[in-house]
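Everything below concerns the one structure shown next.
Per-chain numbering from 1; labels A, B, C, D and E assigned in written order.
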Amino acid sequence: MSSLAVLLIAIPLIAAFVSILSKKVAPYLLLIASLINVILLFYFVPDGIVVIGGYDLPYGINLFVDTFSRTGLGVVNVLFLVIVLLNIVEFKKYSSVLLVALAGLNGLLLTGDLFNLFVFLEISGIAAYLITTSNHKPLATFRYLIIGAVGSSLYLFGLIIFYGMFGTLNLMDMVSFIQANNVDPSALVLPAMLMFIGLGVEAKLLPFNSWVKGVLKDSNTLSGPMIAAVYAATISFVFGRIINNLLTLAFVGNLLIVVLVLLAVGIFIAEAMAFASTKVREILLYSSIAQASIVILLFVNGIVLWAVYLIIANALSKTVMFLVINKATKDHGDDESDSLQGVFSKNILVGITFSVATLSVMGLPLFMGFVVKLNYLTELAVGAQWALLAVILISSIIEGIYFVRMLIKLWYPEKNEVTVKFDLGFKVVFVAIALILLALGTYTAPLNTLDNSIDTIAEVIDNG
Amino acid sequence: MIQYAAIILIVFGLYGLLSNRNIIKMIISLNIIEIGLNIFIISVGFVYDGIAPILTSTNSSSALLYVDPLPQALVLTAIVIGVGTTALGLALAKKIYSKYGTFELDEMGDNE
Amino acid sequence: MSITILNFLIGLGIAFFGFVLQTSIAGLNRKIVGRLQKRVGPRWYQEFLDIFKLLSKRATSHGWIFDFGVIMALGGIIATAMFMPLTSTFNAFGTYDNFFIFVYLLAVGMLGMAMSASGSGNPWASIGVMRALTTMLAYEVPFMIIILTIIKIAGSSLTGIQLYQQAAGNNWFLIALPLGGIVGFISLMGMLGKKPFETYIAPAEIASGPMVEYGGKQLGMLFIMHEITVFIEVSLFVHLFLGGATNIFIFILKYFLVYTLANLISNVNGRFKIDQVVTFFYKWPLILAIVQAFIAIYLGWVI
Amino acid sequence: MKNLIAFVLSVALGVLMVLSLTNNDWFAQFGYVDLADRVSQSYIDKDVTGNPGEIIFGITSNPENGAANIVTSIVVDYRSFDTLGEVTVLFISALGVALLLNSQDKNKRLALNFKPNFMLRVGSRALFAIILMTGVYVILHGHLTPGGGFPGGTMIASSILLLYLADDQFRTKVKGFKLLEGVAGSFYVIIGLLGLLLATYFLQNFLPTGTVGDLLSAGVIPIVYILIGLKVGSEIAGIIDNFLTEEEVSL
Amino acid sequence: MANIELLLLFLLASGIVSYFLTKWKSFVGSVFTIFSTMFVFASLAMYGFSGQLDTTVNVIPVLSFAQTNIGFYFAIIIVFVYLMVSFFHPYFVGEYKYKNSYNVMFLLSLAGVIGTFFADNFIQLFFAFEFIVWTSMLLIPMGKSKKAAVSYYGFSAAGSFAMLFGILVMRSVSGSFDIDLGLASLAGGQATLVFVMFLVAAFSKLGAFPFHIWLPEAHGNAPHPFSPVLSGALVKLGAFVAVFAILRIMPSTPLIDFANSNLPHIPLGQYAVVILGSLSIVFGTLMAIKEDDAKKLLAYSSMSHGGYILVAFGIMTSQAVAGGFYHILAHALASAGAFMAIAAVAKQTGTTKMSELGGMIHKMPITYIVYLVAIISMAGIPPMGGFISKWLIFQAVIDKGMIFVAIAVFFGSIGSFLYVFRPLAALFLGQELREYKVKVKEAPFLMLLPMLIITALNVYTGVIPSAILNFTNGMLVDLGLAPVSITMWDIVGTTGTLNPALIALVFGFGVVIAFIIFIVLKKSKKVTLMETYTAGNFVHDEQLLHYTKDFYAPLERLYIKYTTIMKEFYETLAVKVKEIGRFGKYLFMNKFIGTTILWIIAILLFLLVGEVL
């Protein structure tokens, strides 16, 4: 039954509505709902178009389940479940919010309707604002809210202009209309850019991302991995879908150059900002900005497959990194890299997994990051994007230097020992993720066999 | 033209965000953007001589010229979403006020 | 060619001949300088007497490296001398008299002496070694540039270089490469440790430098080593710049003239400080050498 | 000075956006939209799943969508999923406000700085009833006339606001609102799931749509609108309550 | 048959085993490491020389291997150094903070080495290359300085990313990652680009000017047994890349021409490499002369020797290239020997600072001999291996008539006497310092054994080079160069013939003669080092009389103010990047919410101005 995909949204939603009735039941609902989602996703949800309300596209709203969204759903739901499991005891009162967030994220990944996407953007956005209130930095949350709201307004603005031009809200309908009528790309510049900036705010592209700093630099074990891994992955997937189908029609000629320059500069400056930082979480957050920019850069260049893998690799790594650092900071009270020196000397296992995650982000061999990096660089080379290649490589050097510096500080104690205790659950998660990174870095067959033409919304439509 | 008035509202809202350091005023600016946007959405569906898209005993579906009903439906959603954001923003503002004792960003110091 | 024990004996003979020759000429030079300075001067065989006296005396030793270094020094120098051709037709190992062997085998001897000196535990010795090595760094580079020019023209076998000069109608490289000749001679002064480049011995300043702790047989052996070293260096100049020799007498004559000239020049000079030595060699001799090499190699102007 | 630059920049952006839209051949000129080019025409003709012929008020029966108010037909039927999301947004906002302001029943409500007199109290009660009734009317007739769950719900909430403002003793039962909110929301989703079970698709209209223009027509639309109305009303009332609650000062 | 793939798997497996063994008892784990390394070396040596290594792949599907002469030559040298160094582990590893991972990383990086040299496509090459980078990078901070690893990684990454860029350019031309196909497909501007990129990689791995900053940092501060690996083995990866860059890619560049010249012309590209190599030689030599830390001194000497290798490859004649290849071997042996000797001293005394040491010869004579032989080879003095390679390189330099290169080459050669002598005098000779008199002993047998083997090989390479030169001739043929003409005893150069065995024999003969002279004369009286001639004063303080600090002070004074230029350059670079970062934070991440809005407006404005006007 192809409509089962809708349950991925409906179940968390109904759980959310029910959860406010009883504070005691809420955490269990959260766990059950996210667990059911994972099970559903892997065993019951078939590929295809899910029609909602019985009206075919473009009139009704529909959901796409294809390899692309399925991959995104897999990553997001599993990581979500993991992060929730680790934090459920401490952050009970966020259960309802998290349920809504889950519904919103799944909706974002699934929907094939641009306005519906806006709605889910707002749902997940507001849920994200609420998740970040757990940092107890209302001002940072406020900044996130304002900028996020402006971002989604811009998206909506662009969307409405598109509607005014083509009379439809459905992504595929709009795309096929544009292609069929050979619309002059220059007519698409304003709405495309409005959409790009709007989504760019959420995807933390430089320079639209000043919210990230405030949100992540004081994050905790819930908000850190949630925003930096789960949300980042979701938005990247969604952004990828939009870019790859719609915006790419507008990104030709000068506009393409402008966008690429914007992204390339963003990558470099983000790495430089990380290089200039001393606080561990700042380093991580700037690095994730750079990584997000690389992902979008790949999407803009049409390198979908490896962009997807990069999203996955980053989500996995960032989960470990933020969990470790936020836990350590919570116990220690400071995330200055100098004061966290030697945090791993008593936590060898955690240290190893953290290092594996870091090395993977740096793109060193044996780990998933290497395979991904190598492949997307190859694809860029095949596309003869030498300047981009150079920027990414130079940025990688900077990235490597600050990560190595950080790793060494975290491994080798200077004066006073830092004592941080990691629970068993954390350790299990770290080891599991490290093993995944290692496994995908050494045994690349799963990566290679995954559908190479992952951007197949059109195919799904053709096949019904 | 009403359409351009909407854009002017959006732009004024942006200007408000640029020039204000007061949290409440910023929320209001955000609202102005949203209102501008909503007007813009409605304007996209406007048809000269069109009537409201409601079937009545005198208006059947193909007899008359209707304005586009879809933007109106969208605007309904957009308004509610705007309300949600505003409510949350105001709640945050209250929280911030209780923490810093002021709505002025400049008076809060650097410790975010 | 096949090497037999005979070659070794010839080589040893050359080394011994070199020792005798240099020691005598050094004695003669002392006499000449004495005369110039209105003294009677010692007898010509005075040097021999000094050495034999030292060898016969009982000495002190500062540990095994002190002795080992001396043996290595003398052995290295003897080995070097064994390769030295006397004339264009007479040598021990035929065409194996590759120029680089002289430069680097000489260095083994130097290294042995330096080791031994440092092993004595006397800081003056270490300072002396430091100065010797620094001086070496100074004179070697301009010299090698000129050598490069010569080897480029005539190959690296010393016999070959002599034959080349003789074949061209006694066209000595001193004339063919005049600038090179000057540089070569200045470098020779440095090699010989003659004033103004005797900084590393500087008896009044650092108590004879490397030699400070020696006495008895070790000093005697080092004297022998020193004499043979001078023989090698002067012979090199003769073979490289003065067209070598067709028979032993011409060789002795040229040898005498070169050594005496160097000695005479040294007697009218003061002493450089060690950093002055370096800056001196890296200024004019190097520039001249480069100019010479440029002219000879790139422009092909060899007179 | 800074503000001037900001102003100039903003205005320039506005001008350029206007210019860009004017230059855009594809972007329909204001008021000259041909609905036939848009998906909207099908909503008006209700011919998404098949051509029912001309829809005539009070005559046509059992079209694919029975709402006379076309906007409502879009909001609650054609694009009902959006509305579900919209409800969720409001839901999470209310949740967030409660979370942020940490309000509980035990907290005091905000004191008024005047003492309401008897007239005000009674008058507001009377008005409360009228507003409430209007709200309910608007909700119930959402599929026929302008209005529906959202405006109706807001009216309900505004009636409660009125009580808050006019009566310093008034305090709602937040718990009750929550129950209403949760149940209404759940039922919305359940109706959607029923569509999946009874018909084929999520949120599909599984009831007969009746005759266009009847009060009891349009299948699930009125039901959904009632749920939305209750939910919106309770949520906004909850938000009002939260804002008007004195929070424990925790500096 | 030794299967490469199985060797790799074996190393991975023994890495895991050694982790637990070391955790249990560090000595046992380290001995296990020795045996693992030995097994790998033995398998390679047993089958490799006859070209019988099994390169088929059965287990890991994506890999593929090939045995080439060049790859095998590098592999056997580096694995040998690894083997020799592994003997040090039982005595060192126990002291390190993460001792179990030390052995693991060591074995893993060895696996990376094998992967590199037997790779038959660029991707695998790059994979193994990067693998070595991070495994070795994690070893470095267990030594003295934590920062060393950062600069090591930075330069390595710069190098490998440059190489990756080159690889990708090749990939885009040839459509595959195959090494031969890729290299064959290059032409014109792309060849130049790839050449430059590979050159950057080669220079930064080799630690050649201008990418040398990491060398002294990493070599000087790495754990004592790892410095020989870095200098003797891993630096040679750069040479391996240089083989690709210079000998296989070398684009056609304009010739440097002189009127009336009877010289064989040399293209600009080659000349650039040679000049940069020369700069490395000079810079490395000068820096080594002024260095106080023995390991850093040797690190700078590695830089200078890297320069020789580059000069040799850059000249590209048979002799030069043969000299370059030989120099790789000679320097690997020499620097491994020297570093190991210093590691042994450091093991006993705990320091490598020359100004804090002295008189070790009395307690550690064998270590002294090892060091002596190593530095003789390093200085290129017969009868050690370094002489052969330098002789070949000199031949080529003279043959090409490169004056300025010759200055550098000879300067480096003479300069090496200066700097290698300094640790010799400071560490081993001179007064025996009081603090080391009691506790210092000769290094244990297990440490002496590899050092003695290396010493023997240093002599062997210097006396009978023909076997090795025969092998390098095979490599030359692979590269399309004529082999160097050698007989059993002679090496025939363009300007003369060298008979290294004869030189050794004559040298031995001379020493025997000198020894006879010495022995027939009267025995000398033993006196202590305190009984020295010091202007009539009694000697009280030993340290005072050991001249080690600022050994070449007068010489240093001449150039000391220029020594920090490159370091400052990179520091400034880092500061600049940091400034960009801070500026970025100021621009994008400041506390005003309006900033982001401003950026949005600005970018939209920019685009619309472009679109509308």
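Going forward, contacts are C-beta pairs under 8 Å (C-beta built on N, C-alpha and C of every residue); 3 or more make two chains touch, one makes a residue touch a chain.
Everything numeric here is computed off the predicted structure, so don't read it as measured data.
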{"item": "A-D or C-E, whichever has more C-beta pairs in contact", "value": "C-E"}
{"item": "Whole-Å gap separating subunit C and subunit E, where each centre is the average of the chain's CA atoms", "value": "35"}
{"item": "Subunit B-subunit E separation of Cα centroids, rounded to whole Å", "value": "67"}
{"item": "Chain centre separation (subunit A, subunit B; CA means) in Å", "value": "28"}
{"item": "Mean-CA-position distance for subunit E and subunit D (Å)", "value": "74"}
{"item": "Set of subunit A residues in contact with two or more other chains", "value": "115, 119, 122, 126, 129-130, 133, 138, 143, 146, 150, 163-164, 169, 189-190"}
{"item": "Per-residue overlap in subunit C, given as positions that touch at least 2 other chains", "value": "none"}
{"item": "Multi-chain contact residues (two or more partners), subunit B", "value": "10, 14, 17-19, 26, 44, 70, 74, 77, 81, 84-85, 88, 92, 95, 99, 105, 112"}
{"item": "Pairs of chains in contact (touch as defined earlier), listed by label", "value": "A-B, A-D, A-E, B-D, B-E, C-E, D-E"}
{"item": "Subunit E residues touching subunit A - in the complex, by the definition given at the top", "value": "61-62, 97-98, 123, 126-128, 130-131, 133-134, 137-138, 141, 146-147, 149-150, 153-154, 157-158, 161-162, 164-165, 168-169, 171-172, 574, 577-582, 584-585, 587-590, 593, 595-597, 599-600, 603-604, 606-608, 610-611"}
{"item": "Subunit D residues within the subunit E interface of the complex", "value": "6, 9-10, 12-13, 16-17, 19-20, 23"}
{"item": "Touching residues on subunit B, where the partner in the complex is subunit E", "value": "14, 17-21, 26, 105, 110, 112"}
{"item": "Residue ranges of subunit B in contact with subunit D within the complex", "value": "1-4, 7-8, 10-12, 14-15, 18-19, 43-48, 52-63, 66, 68-70, 72-74, 76-77, 79-81, 83-85, 87-88, 90-92, 94-95, 98-99"}
{"item": "Complex contacts: residues of subunit A adjacent to subunit E", "value": "143, 146-147, 150, 154, 186, 189-190, 193-194, 197, 201, 206-211, 213, 254-255, 258, 262, 268-277, 286, 345, 348, 355, 359, 363-366, 370, 374, 377-378, 380-382, 384, 386, 389-390, 393-394, 396-398, 400-401, 404-405, 408-409, 411-412, 444-445"}
